[in-house]
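Here come two complexes built around chain A, the first alongside chain B, the second alongside chain C.
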Partner chain A sequence: MVQQKRILYEHLDVPNINTFDVYRQHDGYKRFEKAIAEYQPDDVSKMVMDSGLKGRGGAGFSTGLKWSFVPKDIEPRYLCCNADESEPGTFSNRYVLEKNPHLLIEGILICCYAMGIETTYVYIRGEFTLGKKMLDAALEEAYEQGYLGENIKDSGINVNIYSHPGAGAYICGEETGLIESLEGKRGQPRNKPPFPAVEGVFMKPTVVQNVETLCNLPFIVDKGVEWYTEMGPIYGDARFDPPKPDPNTGTKLYCISGDVNEPGVYELELGLTCSELIEVAGGLRGEEVKAVIPGGSSAPILTHYELDTRLDFTSLTLAKSMLGSGGIIVMNETRNIVDCLLNIMKFYAHESCGQCTPCRWGTPWVRDIVQRIADGEGRQEKITRPKFGIAEGGRWGDTGETEEIYEDLDLLESVANNIANVDTMTWNTICVFGIAVSWPAVSYMRKFRPEFEATIREGKLTTLSVEEATVPPEENYAFQQRIIPKEMSELG
Partner chain B sequence: MSDEIIQLETPFQFNEENMKKVDELIGRYPIKEAAMLPTLHLAQKQAGYISPAVMKHVADLLEVTVMKVKDVVTFYPMFFEEPVGEYVIRVCQTLPCALRDCKVVLDHLKEKLGIDVASETNLAKGTTEDGKYTLMKVECLASCDVAPVIMINDDLHKNLTPEKVDEILNNL
Partner chain C sequence: MAFIKLNDLEIEVEDGTNIVEAARQNGIEVPHYCYHPGLTRPANCRMCLIETYGTPPGAPPGTIAPDRQLATGCTTTVRTAPPERKYEEKFDAIIRTDSPRVVKAREDILEFLLVHHPLDCPVCDQAGECDLQDFSHRHGRDKSRYVEVKNVPPKKDLGPDVLLYSTRCIVCTRCVRFCQEVSGTGELGLINRGSHDEIDIPRSHEGNPIQVLDNKLAGNVVDICPVGALISKDFLFKSRPWFMDKEDSICTGCSVGCNITVEYKEDGVYRVKPRFHEDINQHWMCDDGRLGYHYVNRDDRLQLPLKKVDDEQTTTQWADAINTIKEKLGEVEAEDIVVIGSAQGTNEDNYVLQQFAHDVLNTTQLGLFGQLPGEEHKYPQFTIESDKNPNTAGARTILGSANGNVVLEGEDLWQKVASAKVVYLVSGVPDRKLQDEEKAALENVEFLIVQDVLPSEITELADVVLPGTTFAEKDGTFTNSTGWVQRIRKTVDPPGEAQVDWQITQQLAKQLGSEINYSFAGEISIAISENVQGYEEATHQNIGDAGVKLA
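Entry: the complex of A and B
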């Protein structure tokens, strides 16, 4: 069985690690001291770039690259730590805040040193009252001990960190929604560009970084790039000749919930498969895996045929899903996929910020269609439309044939695809919330179409066996188009 | 809403302790308006809910229009514009909790308290007549590993069953 590799979470359960003294006994702040004593700010940035660290909050964007976009000649610059953690199925940041807040502070300090930033806001979701309390207490200690404030430890560096509570809106996790919210407004995302790195909070260059991303920094600085890049696969991007290294390095705080025996956060090297993770989490609760959501509720679902997919940024993207926030939700044979989709669509309909028409109207519309189907009132009429599948040349596309489909399923797909199109990856919305709606809607319907059809046909929520409910691999759009990436070492 | 027509039924003023905190909060940001959310949280803690008088006071302190404060208050689910119960019970309803029978917990609470679930536009229907409890559904509370969960005011309660809910309510 794959072993846990606890780095960020190594001292999580040490009693009183939330206090300065105990944290200090466990090398606390020594990594920050090492950074300022041994490296120039640019060296730290270079290490982060070379480590291959990718953002853990959802988008999986290279942290080093993001830092390189920040103009160094505009003052002041800000860091916003994204502790809004609201993606359903994700709960790893909460434990850091509640149990080991000094680790986050140390990570922030290192980021501030590298980027020459003097002010950081930690945007904590409003419901994290305990997390905020623990962080505030740790901040106070860090100020007392001279690790925050003016001229930290006589280094000439000034850093202030403030916690800032949200108030229950999911969209404030989106980086520009977070920025608007931080400025005291509705958390409605901004059009991009300009990106926050150039024009963010208070219209100044801003780095937005997830809690987990920042917590990686002390270890990268302390143990070095070589040590870091030994964890997790480095793929070769075959679109380049010679293949360009595509690192998926480091560990991930995988959050696993739903039908497993031991739900929880497991820190593991990136790149284990979905079935391996289920095994680590005490195995399946039930007889058979029906479906797995691999990266928070926004991620396209995986069927039991796709459990060999490795849970890293590249593999999941190439399997037409995403690692997202690393929230894995497992469903066993007793679950009804229509019902699960309804739950998720209610979430999105509630959380749309309302700025863009396709999202504001489309999301409740999708919810209503799924509700109607789940209530047994799905429209019985069928329509004829072009059939997509394995077309000439073995590629996925229009087969030239036609198929019959329930009107409601066609409508569901079409409304969702008009918010954001999952096939062309184009959207008509300001932020990617739109794709977070259509990804689940379209993928659940396409991959578990027999269960949707049975529910419409029978006029009541009908749960089929795993085998019957799942579209076979040869008709599964994602399975047919998925690419399994090769590691650099395999490519020679 | 223009400032003149607001009816200040219950006047509101931050108490001395909170006023100090607000001053400190405002100092954290380059613009006063940015202290909006933390200030509203403080106000709600003191007043119970965000009444027009609260909005007016906050608007004056942050030097913005009352409309701007209202705009923010209506956007965020955690701010209440009507009175709520002494204990606000938030029941998580999102998928991981649903897979762990959160519906049983919600139904039990509804039956036990004899109330419906509050909606954002109608908090009264989810509040007991004695003003003790308000029952609401919320989205994922980022504790799916210990599902099903509820929050009562600031405290999270995990791995719930109807029996555990009874025990918790008895100990309030």
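Entry: the complex of A and C
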């Protein structure tokens, strides 16, 4: 049985860990003190780079690399802590804020030290009123204790942290939407480039980092790169010769919800399989796994054939899904996938910021199509179109044959792909919200096409058995195209 | 200059040019909605997608392939690359606007743009000059696949002249950006989110306006709205755009001299729109200028000469009016005559007038009349000037050109008028109110000749009224406050027997035995260029559409 590896969450349940005194008793701020006493700022950045830490907020971008893009000669620079946690199925940042806010402050201090940043904004999801209250109280204590403000502990370092509540928009979790909102404007993502690292808050270089990402920093500084990189797989990117190391190091705060017996946040080393994770969370509630969302509602769904996929950044990407925010939603045999997709599409149609044409009008269109199908009003007409499958040479592609498909399913797929194309990974939108819409839409429909077809055919929401509802592996585009990465150790 | 390959063309463009403009300069259309050259570029409509080429990461040097993502043409700029970064050893960029991916992307975006659109072109003012119609026709698919319910956001009254048909809005935010960036007044914003985005003015919870779209530049939002969402009440349901003729001209509302297009039919002027001039008005004009044309169409325009008989003005024939004037002029000495030109008149009008004064009447007593000064309005990217005449600078120089530059204005003028026997006042100023001293002075004149376009306090005092013409009815030039000489062009015919002002003056001159004999305004401009210092280049031919700046 896989054990939890509690590092970020080690002291989460210690009574009163949210207070300075108790936090201090548990090594609080000593990691920061160690950083400024023993390392130069650049040493800290190098450690972060070497640790292989990848952003935990969704994109999984190398934190060290992101820091290296920040021009050091432009003042001021800012840190934005992304605490807008709104991805459905994700709730790990919230516990940090509510229960152990000093850990976040310490993480911020280390980042500020490494990057020479004096001002940090923590953008907190508006609904997190308790989280904001707890963080604000901790900030006050930290100021009182001299860990924030001017000339912290006589080190000459100045850091100020401001907490800022969001106003209830998912898109303000997207880093540039967040920045716009922070600046007092409508939360609408910016065109990139320039990236925030170069032009962020008030058009100055800005590091945007998720709560969980920042909470990793005290431990990397304290226990070192070697210790850190022992956790989680380091794959070899075989496109390069010799293979380039692709670290998926550290732990992840997996948020497990849905049909498991013990839903909650589990801190585990990266790289466990989906099945293992379900076991950790008390096992499946119900008879059979029908589907798993591996990385928040935006992530393409996995069928029960794909449960051996390792839940880390690289493996999931190569399985045509993503680890995203680490929000894992398990569905058992009673769930209807059409209904699930409807639920998710209602969310996205409501949350599109409305800036770009395809997303603004495409997302509600997708929702309406799914709604119509779920209402039993899917059109019975079918169309004929080229059939994709295992083509000549054993690779996925146009088979040269044709297939019949309900007009509405073709439409659903096509409209979603016109917002952002999941096959070519190209999007006609400003931000990747577009792909967060088409990923679920297309993957649910393709992987559980029989259930969609049955619902249209029967004229009412129809739940099939797991076996009947799922397309077989040989017809599953993702399963057929997935690549299972090899660890460096295996590559020799 | 950057050297780029655009589709199959090899072209040079200025560094920093974006692809929409680079293509436009070379006759290629890159459809777009949110991009407007006078505003910032949010790249939100996603209509101008293009295919850029580069060397894929990891590929051997020299490899050229389309980049994975399409780029927005409005935000993709080209500049000269260092030699080692050139493609095919010469191009600074390689771009396609016609690849299958681009073509498909355009079709897809247009399909999205139309899903909630009411398709009410038959009753939409914009039809015929609508980017949504045009681009759908040229770049769209012929059929929509949308069978769901359409959004029907409400029609809104935004301000004195602007209506919003929200259903037609494609949320390009041009109007919002205009009010932020150019007028700086910020009345417009987006409310709601996503597919429920609506343009609106600030309102209370009950929906009552807190601020309305009434800044003096508001009308521009109607021009820049690429669809029929923002509509001018002034023009609402008046005409289909293709039924109107168009002529380039200059606004007469103030001394800025905004470049305009006058749209007209036989029965009058229908609409005035700004025309781009980089150094003067860019893309914009103000609402005073825009809505100021109505006087041209007024039913009470002066159409026949008037003559005072027994203190009553009655209409008369041109020949009689001119004869009456000729007789009167024969009775007085040159020093008893004052000739007053107009800052609303063209350089040509004023040139013939001063020639008449000097050569025929032998008087050096020339004055300048015009609209009273108004308010100056400064906006972040636009200023409306306080001098409400289009041609003060030109009239002043030209009236004074043979006179040692002595042109009477203000108090000096009215003093002179008060003691004159005959005054020939060319006004053409619509609805000019007289100040007390002006009125007193004019009442004192023994014989007052007024040349004007509308009945007014001034024409009431006149012994003879000569019906002149507005800017819409003649050719000529104006000189604005920054020294640009620009052309106005005839659109509609003058009402009744009204005549072009310089022609009236020329007729008078001829009656008095003069040789002055111009046959068209351009000929006068040649005379001006030969005789007026600074105007050497300012012939109609040179001025063209762009104007000539005085040295």
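The rule is short, and it goes like this: the second predicted complex is superposed on the first by the 492 of 492 C-alpha atoms of A that agree within 3 Å, B and C clash if a C-alpha of one lies under 4 Å from a C-alpha of the other, contacts with A are read in each partner's own complex, and residues count from 1 in each chain.
Throughout what follows, a residue touches a chain if its C-beta (ideal position, glycine included) is under 8 Å from a C-beta of that chain, and two chains touch if they have at least 3 such contacts.
Computed from a prediction, not measured in an experiment: that's the story for all the values here.
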- Query: Given the touch rule stated above, what does A:M425 touch, chain B (first), chain C (second), both, or neither?
  - Reply: second
- Task: Look at A:Q355 in the shared chain and tell me whether it touches chain B only, chain C only, both, or neither; answer first, second, both or neither.
- Result: second
- Residue contacts on chain A - larger count, chain B or chain C: B
- Message: If we overlay the two complexes on their shared chain A, which of chain B and chain C does A:I278 touch? Say first, second, both or neither.
- Response: neither
- Message: For A:G264 in the superposed arrangement: first (chain B), second (chain C), both or neither?
- Response: first
- Who does A:T90 touch here: chain B (first), chain C (second), both, or neither? first
- Query: Of the two partner chains, chain B (first) and chain C (second), which one does A:A291 touch, if any: first, second, both, or neither?
  - Reply: neither
- For A:L411, select first, second, both or neither according to whether it touches chain B, chain C, the two together, or no partner. second
- Regarding the shared-chain residue A:R372, is it in contact with chain B (first), chain C (second), both, or neither? second
- Message: Contact-wise, after the overlay, does A:M231 reach chain B, chain C, both or neither (first, second, both, neither)?
- Response: neither
- chain A positions touched by chain B in one structure and by chain C in the second: 169, 186, 350-351, 353
- Going by the contact rule at the top, pick out the chain A residues touching chain C in the complex. 169, 186, 191, 239, 349-358, 360-365, 368-369, 372, 411, 414-415, 418, 424-430
- Message: Considering only the defined contacts, which chain A positions touch chain B in the complex?
- Response: 85-91, 93-94, 125-130, 162, 164-170, 181-187, 202, 255-259, 263-265, 293, 297, 327, 329, 331, 335, 340, 343-344, 346-347, 350-351, 353
- Item | Residues of chain B defined as touching chain A within the complex | 28-31, 33-38, 40-41, 62, 64, 68, 71-72, 75-79, 90, 93-96, 98-100, 138-147, 151, 154-156
- Taking the complex as given, what residues does chain C use to touch chain A? 42-47, 49, 58, 68-70, 72, 75, 105, 108-109, 111-113, 115-116, 145-146, 148-149, 170-171, 190, 192-197
